[in-house]
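Handing you this structure, nothing more for now.
When the chains are written out, they are named A, B, C and D in that same order, and each has its own residue count from 1.
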C-alpha cells in the first residue's frame, strides 16, 4: 500500500453516539472517518468548507468497515487516516481506529470530486498530493 | 447468491438526515440497513427489543456500501433486505436501496450474535431460518 | 390556546436513536417535532422540499421541551402537532408525544420564514392558515 | 442568577451536523449542551461514565433554546456552560454558544438524578457543588 499522506486525530466518543449496548454505533465510524479526511486536508492547508464554496464537493462512492472491538462512551480514540490512492477524479483513503494501541476498526473509502451539478470532475490541481 | 429471507421496507428521508449538499449523508445508509434488518425480523414474528431482553445482541462486524446515486430530503425510498447466509454465530445480509426503481445504493453486512458479556455465542434456534 | 391546524403522526423509535440508558435521546424529540411539522404541512397539500426550492426556509428560533417519561427502542409513539399561532413571519407549534395514551413529552417551537439570504420575510400567502 | 460553576468548551461543527440550509441543525444544540455538562463535570474531577457505572444517571426533564444566529460547517464555537441551581435531586444549567464573541444561542436545562430503576434519587454528595 502506497501512503501519499497521513494524519492522526484524537476523537472522544460522545454520549449520544453510543447505542443501548453502550457501544459506539457502527454508523458513527463513517462519520469519524469523515472527520479524519477533513483534518487530513486541514493539515495540508486546505479547508473543506472553502472547497465547497469554490463549487466542488467530495461524494463517498464506496465504503468498507471491519469492526474489531467496541468503543464506549467517553473513550479517547486515535484515528489514523491515510490517503492511499489518487486518480484524476477520485481519492482512496484507509483508516485505523485505535484505543491505546488496540485496533477497534479498519476502514476504506473512495470519494469522487463533483461539481455543483453533481457531475464527476477533475480534482483541482491544488488539492492533489505531489509524490 | 442464496436468498434465505427477504423484506421490502419504505423509508422517507428525513430533513435532518440530509447534508449541506442536500444528499442523504452516506453514514445514514448503514442506519437504514439496520431498519431493514429489524423489519425483516419483525416480518418473521421476532422483535429485536425482545432478543436484547433475552440477553443477546447482534453486533455488526463488517459493512460495505456502494453508493450509486444520491437520495434527497423527502424522497420515498424502497429498501430490500435479504438474508443471504447464516452460520452458527453469524448472519450476512445484502441491501438494495431504490427510488422508483433506480438503484441508489447496494450494501452488505455481517452481524455476530453476542451475549451480555460481549462474547460470540450461538444464534438462538428460534431465530435461525429453516431452509 | 387557539388550534389553527392539527395533525397526528405515528413514529417508531429507531435503534440508533436510543442512548446507553435505553432511552430515546432528549435531542431526538426536536427531530420528531420537525417530522410532525413536515407531515402537518403535507396534510394541507404542501411539501417542505418544494417550499425550499421556491427560495424559502423555516428556521427554528425558539424551542422548549418538557420530558415526562422515557421512550424506548421500538416503541410506537403518537405525536400530535398543533399550529397554535401565526404572524406575518412566524408560526408557533405545540407538540404532545404519547405512547398508548401516556404523555411522554410536551413541546413548543417558533419558526421564522427566511429567504435564501437568511433574511426574515413574509410567509407566502398559500402557506398561511385561514381561520 | 447565581453561578455555582462554569466551564468553557470549544466545539468545531462537523459536516454531518449541518442541514441542507448549511446551518447546524437546531437539535444539535442540545447535544452540544450535553457535551458542555460532561466537560463541566470533568473539570471538577468527575467522569459521567463512572457516575453511570455507580448506578446513577442524569435525565433531562426540561430544555429550552433560543436560537439567535446560525452556525455553519467547520465553525469553531465557544460554549459556556454554567451550573445555576442545585436541589437535592436536580441541577439547572444555562448555556451560551458563541462564535468569536457573537451570541448564536442561549439555552437552559434541568436534569434529574435517577437510579438504575429510573427513580428520582438524591444526587451523590461528591457531585454536589459546595458554595
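By definition in this document, contacts are C-beta pairs under 8 Å (C-beta built on N, C-alpha and C of every residue); 3 or more make two chains touch, one makes a residue touch a chain.
The structure displayed is predicted, hence computed values, not measured ones.
Student: If every chain is reduced to the average of its C-alpha atoms, which one ends up farthest from chain D?
Tutor: So the farthest one, by centre of C-alpha atoms, is B.
Student: Taking each chain's centre as the mean position of its Cα atoms, how many Å separate chain A from chain B?
Tutor: 23
Student: Determine the centre-to-centre distance between chain B and chain C, using the mean Cα coordinates as centres, and give it in whole Å.
Tutor: Between these chains, centre-to-centre, one finds 28 Å.
Student: Can you give the whole-Å distance between the Cα centres of chain B and chain D?
Tutor: Using C-alpha averages as centres, the distance is 33 Å.
Student: Return the residues of chain C touching two or more other chains; collapse runs of consecutive numbers into ranges.
Tutor: Each of 15-16, 20-21, 27, 31, 34, 52, 73 in chain C touches at least two other chains.
Student: Thinking of each chain as a vertex joined to the chains it touches, would you call that graph a line, ring, star, complete, or other?
Tutor: Contact pattern: complete, every chain touching every other.
Student: Quick check on the complex: what are the chain C residues that touch chain D?
Tutor: Of all residues in chain C, those touching chain D are 20-21, 23, 26-28, 30-31, 34, 52, 57, 59-67, 70, 118.
Student: So in the complex, the part of chain C that touches chain A is made up of which residues?
Tutor: My answer: residues 15-16, 18-22, 25, 27, 73.
Student: Spell out the residues on chain C that touch chain B in their complex, using ranges where they run on.
Tutor: For this pair, the touching residues of chain C are 14-16, 31, 34-35, 38, 47-49, 52, 72-74.
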